[in-house]
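As written, the chain order gives the labels A, B, C and D, with residue 1 at the start of each chain.
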């Protein structure tokens, strides 16, 4: 059987030896391994692909050998559970749904929740539950509360903001801490804020991009997971840039969901460690 | 004979027809043509590659048919004259010198001027005059004045700042208006200002880049000519990013000099038109 | 009103002047223009974006000024009609359907025809007619004939082979001459033939790619429209390469359909001219 | 002190544990680690960055724990010794010399050997010994023998063929087995053989590329280290493609030399393992 072991803890001497030894003793064969030590923060990160049959004691023994507070997890090919939030734009949402349909990602999109009904036919076409939670007449906290209730029915691993065009309340962000992945339509930190393609056009840049990041309380400031860019020219106006940008947004958002679903992304303060 | 005709003027009806007609009447065969109309600014830009033998009247007749204030020029394969300014870093300077040596660019580097002597052996190895104009003990305007005097001996078309690590006085910028090309070590407008690679590392970005731009009075705000980026990861510290960045800086700076030398770059307010 | 004029003819002197003059006389304003002259083949290609109101005589007058046999067409924003052929793989097919749904391409997919039923739910989810024409028990020519009959009901501009895994008969190719766009899963001419990802893995290449091309009678030899690649490593086995490759295939196929739908692609013997 | 440990051997159970344990016992701290197991060939590859002070017994103890025939090496920041062979083209040669000058690579180019004198000024400008070994009047084996004698004076780690335009004799290849890195001007296996840019132009491809590979007895068939590509268009003739290609060749060749100098490249039959 194939397993993925993820480890995150305070750095220390001989951690790789300890972990790989324990695998060896449990007859677990390491087929792929990635480690990273953040020296500044003194944190250790490791992702290990294993074959074999880990006993019940493996994880507890592992914890016993690692520094206090170590986060370890053993994954066994189960699909990552995803709920997607959207508004009216189809490209990031459809990108993920299509990838799931193609079996290109080991995810299960449990539901799509939107504040408008525009995307309902697309979602239902893929055979996935669609919920509309309109925001009209509701304050932000109140609307977020209603969204959260629907989300929590599904107990997802990841909440993907597939161009969900609303600013989230701190309460919502705290409720799904380290689970929310957003797509931002610029290569952050360039063009923070509204209308980045108009900003890009005004500035006359020759590249535009997109950023997938975890959401925390600072708008557009969460840990970055994936970025990508494309070349633009003087002949591209803001609308054309927006259209070109949607392709990058789709690619970058799908890539971030995929990396997270493969347990390749670790949050490290305001940054990520990504074993791609 | 091969010629390049560049035209820039207020937009109007039938400009392409007028220009191509005149070429036709003068037995000039158009082998390649690029046009762009900036609708917002109502400006017309055109670059035309021609074969034939333009008569003395061609340019004056052309001006007669174009709106008042049109800028037209006819280039005939002459090398673009370049003076490069540098400090201590070799990569952008060496990149251009090597490209010239390879005959990969139709330029002639007339001289290199630096405020330190470190790069003298490299420059002399390529058989190019090297001038050192130290800044120690001089105010900015005074030092710029001395630099300008050396530059003006050479009457260059382009003044390339090959990692010239000094801020230029408005007087200097005005003196070589629209001629100064700088390389900035970030994908502007991200990480304006000092230590962009440290800023990039702190923010945890997944791409870094470089920007070649014309210099005007606003620091890091001049018209952008070329940008490019490269992927980085959590494993790259600020120094590694700086090292990776130097490759992009070299590529981007060389590309900007090359495009300018091929008369493919037009300044359009705070932007450029680049027919690449 | 906005128009796109496409011109293809034997090269001659003053063609641009003639065309742009006629536009000028008809009060058609050129907003964007691309030309190319193939010197070896002595062919002239031009794509012109126009605003204005062309009279009925415009095209006939234009033909009168161009060399015998000139191909000219005037497009007015109508959607390009596409029929897609598929087998069992969803990625290229779904990629185009999603792009259409997003309004990212000015196309109308009239129908999808496949030799299996696997993709029917996906296609119907997008509200598009699906036809299954099984090949079992039929010879190639016979099956192709049945496919062609279904296709011809729709009178498409483009027949897109979205991973249609059958070799086409010369009769079929001739019937839809210059209309069939295929996606091949390698950067041609590398790895012509079967199992390109296995070939790539065996050779130990560091890049893999995909190619969209027009289909002619020579298998994998038709005019190339778009190619793109991605980096691979020693750690990627043939199956992983195939999975990574599907992303490139989707991108490249969509891009080719898009370029064709925007009248930016001209066939020039065994090559293409692409004004991108 | 910083060390790089490279290990290559037959695969077996617990190899990572054995190696990392031994490091732990010797107070060597692992700061970065890469492993790869080739399942088909049952080979194990590992590159480990260490800090600490390895005792004299470390390597022999390590060998004692690894399968018979294991190749292990411990590197301590010493510069990789390089001899470059060239003919008349400056770009790949100059690219490496400039990188060395910039301190961008941890290499020492001990000498350049060419069969013409054209590149002597460039090489001497960088203060590096230049030898001319003309091939006129000599058979291949005889000329190779003379080249080899000059090379062996310098005892290089790597022999870089910086556009050395001669086919090497099997004797020469055997003499510098696994040490010779060549740059080929196409993305292999496309366009094997002569004039790849003309082949690319004739085929109408939209991407061209370059390949750096180890040289073995099969021409253009050695293990590939690095490949990269660039987009081309219908407007690029074979000469322009060649010019564009030289940029890629320079980049790819420099990258291959750099990776080898950092002990990141392992030969694995007719492929490479590259820990980049």
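Before moving on, here are some points about what is shown:
As a working rule, contacts are C-beta pairs under 8 Å (C-beta built on N, C-alpha and C of every residue); 3 or more make two chains touch, one makes a residue touch a chain.
All values reported here derive from a predicted model rather than from experimental measurement.
The chains touching chain A as well as chain D are B, C.
Between B-C and A-B, more C-beta contact pairs join the chains of A-B.
A straight line joining the Cα centres of chain B and chain C is 38 Å long. With centres defined as mean CA coordinates, chain B is found 40 Å away from chain A. Among the residues of chain A, those in touch with two or more other chains are 32, 235.
Every residue of chain C that touches chain D in the complex is listed here, in rising order: 36, 38, 187-191, 203-207, 209, 223-229, 233-235, 268, 270-274, 276. Interface of chain C with chain A (complex): residues 32, 89-91, 94-95, 98, 101-102, 104, 121-122, 124-127, 235, 243, 246-247.
Chain A makes touch with chain D in their complex at residues 13-14, 16-17, 20-21, 23-24, 29-33, 35, 37.
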